[in-house]
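All chains are identified by letter, namely A, B, C and D, in their written order; residue positions are counted from 1 within each chain.
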Amino acid sequence: MASVPMHQGLLLAGILFALGLTGLLVRRNVVFILMSLEIMLNAAGLAFVVAGSRWGQPDGQIVFIFILTMAAAEVSVGLALVLQIYRRFKTLDVDAASEMRG
Amino acid sequence: MDAVFYIAAIVAIVSTVLAITRLNAVHALLYLIVSLLSVAVVFYVMGAPFVAALEVIVYAGAIMVLFVFVVMMLNLGKAATEMERQWQKPGMWAGPSILAAILIGEVAYLLSNPSTLAFGAAVVEPKLVAIQLFGPYLIGVELASMLLLGALVGAYHLGRRTQGKTEK
Amino acid sequence: MFHLVWLIPAFPIASFLVLAIFGTRLSKKAVPLFGVGSIALSAVVSILIMFRFLTSPPPGNHYTQILWTWVDVGGFKPQIAFYLDALSVLMTLVVTCVGFLIHLYSAEFMQEDEGYSRFFAYMNLFVASMCTLLLGNNLLLLFLGWEGVGLCSYLLIGFWYRDPANGLAARKAFIVTRVGDTAMTMGLFLLFDKLGTLQIQDLMHQALLHWAVGSPYAVAAALLLLGGAVGKSAQLPLQTWLPDAMAGPTPTSALIHAATMVTAGVYLIARTHILFSLAPSAQFAVAVVGAATLILAGFSALTQPDIKRILAYSTISQIGYMFLALGVGAWSAALFHFMTHAFFKALLFLGAGVIIESLHHEHNIFKMGGLRKELPLAFWTFLAAGCSLAGLPLITAGFYSKGLIIWDTWSSAQGSHVLWFAAVIGVLLTSLYTFRLIFVVFFGEVKTPVHKRPGLRMMVPCVILAVLSVVGGFLDTPPFLGGVHSFTDFMHLALPVMTEGPAGGMTEILSESFVTLAFLVGLYLAYFFYVQKREYAEKLTAPAIGKALHQFWLSDWGMDWLYERVFVRPIIWIARVDKQDFVDNIYSGMALLTEFCYRGVRKTETGRIRWYAAGIAAGSIIFVAIVLFL
Amino acid sequence: MLPLLIVTAAAVVVMLAISIKRSHLLAVWLTLVGLAAAFFSLWIVAPLTPIQVTPLLIVDGYALFYMGLILAATFVTVILAYGYLENQSGYREELYVLILVAALGSVVLVASSHFVSFFLGLEVLSVALYAMSAYLCARKPPLEAGLKYLVLAAASAAFLLFGMALVYAQLGTMQFGQIAAMLSGGACYSKALLLPGIALIITGIGFKLAVVPFHMWTPDVYEGAPAPVTAFIATVSKGAMVALLLRYFYETGMQHLGSVFLVFSIIAIASMIAGNLLALFQNNVKRILAYSSIAHLGYVLVAFLAGGTRAAEAVTFYLVAYFITTLGAFGVVSVLSNGERDADVLDDYRGLFWRRPVLAGIFTLMLLSLAGIPLTAGFVGKFFLVAAGASSALWGLIFTLIVTSVIGLFYYLRILVALYAPPAETGEAAPAGGLPALSRGGSYVLAALSVLLVWVGVYPAPILDAVQRAVSTLRLF
């Protein structure tokens, strides 16, 4: 039913991935950083679904499910950490969490 | 159907751009949800209805709600937006944007390869996915459960408000 | 039985570990239990092995115990393996037995010292290293033991580390022997490079196959090994560290700097005797070094006032005899002298320790006197050892071993009359300085009162060693005195028989008579100057020339002075002049560059997550670009 | 499969035990028993190997060897953690659940033969590690470490996944064996997607291995995380990743692709140089060890690039030595740490010899081994690395290895000098009897590790045999 070449799907994934990466590199707010990570993971999942669709296999979708699980796990730990950090550092600025260096 | 794909793709890209540039966290989250929904549409177009549904339910539903929840808890209001405005100087976008541009360029380059890769294009039914998932990938499912267990314990430990100072 | 050989180093090593880790927590009683007990066990094992070796020798008269291969990479596969033959069995036996006696002695001698357990830990490590040196079947293991004993020697000389002078002496010993070790390492590399193995027996076999007599490689390798031996055995020109090494506790001097470690050089040359026989010029160098050392050290010993330094020079001189014997190919004679020397020299040091202890740590012999009546047992044992050292004819071990060397020096095909003459002069000197020491210390009037008498644990080893110093010689006697050859026969299981040369008008009995004569002359001179006419001795040093000579000998022929001028000062001078050196700039430049790079790369560790993520992203993108476009 | 099941069961049991009754000791014992049982089950499983368990996992001799290594290292970590946490306030028991989960992830990694098990194993390990690094969340450094680790690990996981997706898009399979078959099958596969995919996978692997340029998190996380957790990150997570790297690349033969080889060479050289340079004037012992671990992984890559059985043996042996040494070094840091902060500043070690001679001796041993001084395990390991590199004539890499090792000596000696420096004559010089007792378990473990270190250094044959047998089951491309 679809006749979109795989290129287009992968290109979309790539663009989303790059956008997520940009967000990760630019934003200072921890919540935004976590969101950017979600975008990147979602893009990777999209790439898998595209690839699986190319081969007509369910494997790509299965990997997507696992990525979904993993994203959920990351986010839950990440957000718990954000709460803790907000309590200790009184800010959400990641650059505040750079006491260790050198 | 092609048109649906392209529209969904453009919506996804635009809403993602907006998501990462918004200053207000809740606005950003809403854009992100839009982005995820359009990706779900893309999934559907590519013959993966099952994950399209999952994308909507789990990603756009559960995970984003978790975000909203935390944002609410932290009570990021106007002050935070103001703070974001100070943090976000236009110059900061330059470097990362270049990196991202190179990355997109690379993706585009490698996809411009003449060996055309067409979709197999058959719809992969949820039933098939399920059979595979609980067949060869059974161990994967179990591992995913351990992954969630680890996350659960970790989040529980880290999220605890008072570190048991009374202990011992 | 032979497979127990690994226990010989294993016992002391185990005890070392126990003492090193739990030493401070062990009671004063438990420390010697480990320290002495482990050596006793080693001694028992080596006695058993010796016994077995005599009663039912292994096939081919040697036995190899391969414990394991250390690493095996591209032909380089040093093994942890022990090799038993007459040579290593004998030396191990002497080292463990004499070592045991000295440990027993130390148990009392060091009792009051705060570093009691530390002392035994070092001593045990030393015995373990020494046994590894002796038993190792390849040069790498031998070198490990070699460095191990060097390390222990360093630690023990500087044992009382709070006195900076001791630390200096330790450092001197370490650095001077290191000069020799460097030569030896080069020798090892040369051998491995040319012959492709480090296993000693293989190596000797390969050398015989590939190298003709006098081949330059053989000479070079032999000379480099000789360099190592000279350093370790304190022979000319690297002897200067040994007298200073007397800064260590007296049992250390007895064990390391008299009986065992300093003979490692002798062992090394005997072990690689095939190499030396392929390099006659190197072997001749051994003989010359030995002869020159024994004379020079004899003169130096004459003038020393410090009892331990006298003994130190005497040790240098006696090892000179061993080198002389090795140099003329009298392999078994060298080993015979090694054994008797281990007995009487260890005893002399132990006796000296008794004297020093009982006189409030007095080292100067001219402040001693009349101890014959005060410390009778010490006197008699010391006398026995002294006579053995000087070579009192017929009854002492020293007479037989030294006489054998001197006769072999004449009769060997590689010997020469000049060397023989030097050796006889050496006897005279030995006799003179030995009896000078005995007369001054034990006769005359009492100068310092005795405040403490040694206990049983100190005197028993002395008595046993005294007996050995006397009867040890009867293992091998000249034909006119019974003609026993048991020692020589035993050594010939491992070492070749000496090739006899033309006797040239000399007979063994005549040679022995000369030795006797030299001994008597020395004895008489000592008696004359130090008992009858004390004032003459002082008069001798009164005139300018006498004084200068005295000073010259006292300072070890000005060796230290010479080295100071020839090596140390010029090097310091060059170093100072060279501060702005061009080459130096390269090194300091490299250091600066490194530091600069450090500052540079350190800047990358900003602590910022976003920067780190950028690093990951950039790296990833660059790598993608590389695989895409390259 | 049995070891995996036991570890999983142990994690669940410990969690249930915690929910019923909180007891530190009980949790530790349950964890240790679980790990020991899993360890010994390796022998039960051994006769059945090699066995492919679904497409995801392959349990062969190689996997079993690394499982043993990981379980043993985890065992040591748990004992260290017990002594360490006894001094801490707050809940302690959850850490053991996390450790078990992380161990499970590592064990899956070494047995993985499929992208899915690769990535799931990695994530199980990572998610547990985030929480472990930030475990002492009452202090700031652990939180910072946890956040850094989480963000960067998740980002690199995204790279890894994207790379996997590209490889999958190209080849249509995610199983290593089939990838190998396809690669050897024909040149008709255009490498357009494959190569960038591999490059992105290298990013993911490189992050876990902490090699340049994916290394920058290492010192911060090492410094911030509690010392036993650092020991775990430095050994188990890296070891599992190296095992996977060897299997994945050797079985598919990907490292022979010219540009991939180039990428790894760059990584190796940069890691050796940067790791050693960064450690030079560092004053924090944990950071020094972090930088030195970067360099050590660079050394490992040298042998990895050499390829072949010999190289796999060298790498595996080196890892054994590295595990012993690193656990020992962090063990010392761990037993010296108190309830307020970790003993990680160089000044904490100044004159340690005069206060705790045995501990200083052990630390000395570990440092000498890291520096590769003969008669320690580290020397033999490095010897094999160089030999493997030399057999493939990788002279440039070997040259870098040797030069940077010399630079490395400098900072190891700096710590040694501090250890033996005369005790500071400050006012607080009254430690007579005032020294807190060291944790007993920790001391025993350290003693055992030092014995092992010298034993492997002097008598490497048994370990080498085991390594050779393990590696022989690896199906080389």
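The working rule: a contact is a pair of C-beta atoms (placed from the backbone, for glycine too) under 8 Å apart; a residue touches a chain by one contact, two chains touch by 3 or more.
All figures in this text were calculated on a predicted structure; none of them were measured in a lab.
Separation of subunit A from subunit D in touch steps, taking the shortest path, is 1. The minimal number of chain-to-chain contact steps leading from subunit A to subunit B is 1. The most centrally placed chain, judged by C-alpha centroids, is D. For the pairs B-C and B-D, the count of C-beta pairs in contact is higher at B-D. In this assembly, the C-alpha centroid of subunit B lies 77 Å from the C-alpha centroid of subunit C.
Each chain gets one centre point, the mean of its Cα atoms, and the points for subunit B and subunit D are 31 Å apart. Separating the CA-averaged centres of subunit A and subunit C is a span of 72 Å.
Between subunit C and subunit D, the centres computed from C-alpha atoms are 47 Å apart. Chain contacts: subunit A has residues 6, 10, 17, 20-21, 24-26, 28, 33-34, 50, 52, 54-55, 57, 59-60, 62, 66, 70, 73-74, 77, 81, 84, 94, 97-102 touching two or more partner chains.
Listed for subunit B are residues 95-96, 99, 103, 106, 110, 117, 137, 140, 144, 147, 150-151, 154-158, each touching two or more other chains. Shown for subunit D are the residues in touch with two or more other chains, namely 116, 120, 123, 127, 130-131, 134, 137, 146-148, 151, 155, 169, 196, 219-220. Taken as a graph of touching chains, this assembly is fully connected, with contact between every pair of chains.
Of all the residues in subunit A, the ones that touch subunit C in their complex are 21, 24-26, 28, 33, 94-95, 97-102.
Taken in their complex, subunit B has these residues touching subunit D: 106, 110, 113, 115, 117, 136-140, 142-144, 146-147, 149-151, 153-158, 160, 163-165, 167-168. Contact residues on subunit A toward subunit D in their complex (touch as defined above): 6, 10, 13, 17, 20-21, 24, 30, 33-34, 37, 40-41, 43-45, 47-48, 50-52, 54-55, 57, 59-60, 62-63, 66-67, 70, 73-74, 77-78, 81, 84-85, 88-89, 94, 97-102. By the touch criterion given at the top, residues 1-12, 14-23, 25-29, 31-32, 34-36, 38-39, 42, 46, 49-50, 52-62, 64-66, 68-77, 79-84, 86-87, 92-93 of subunit A touch subunit B in their complex. Looking at the complex, you find that subunit C touches subunit B at residues 614, 617-618, 621, 624-625, 628.
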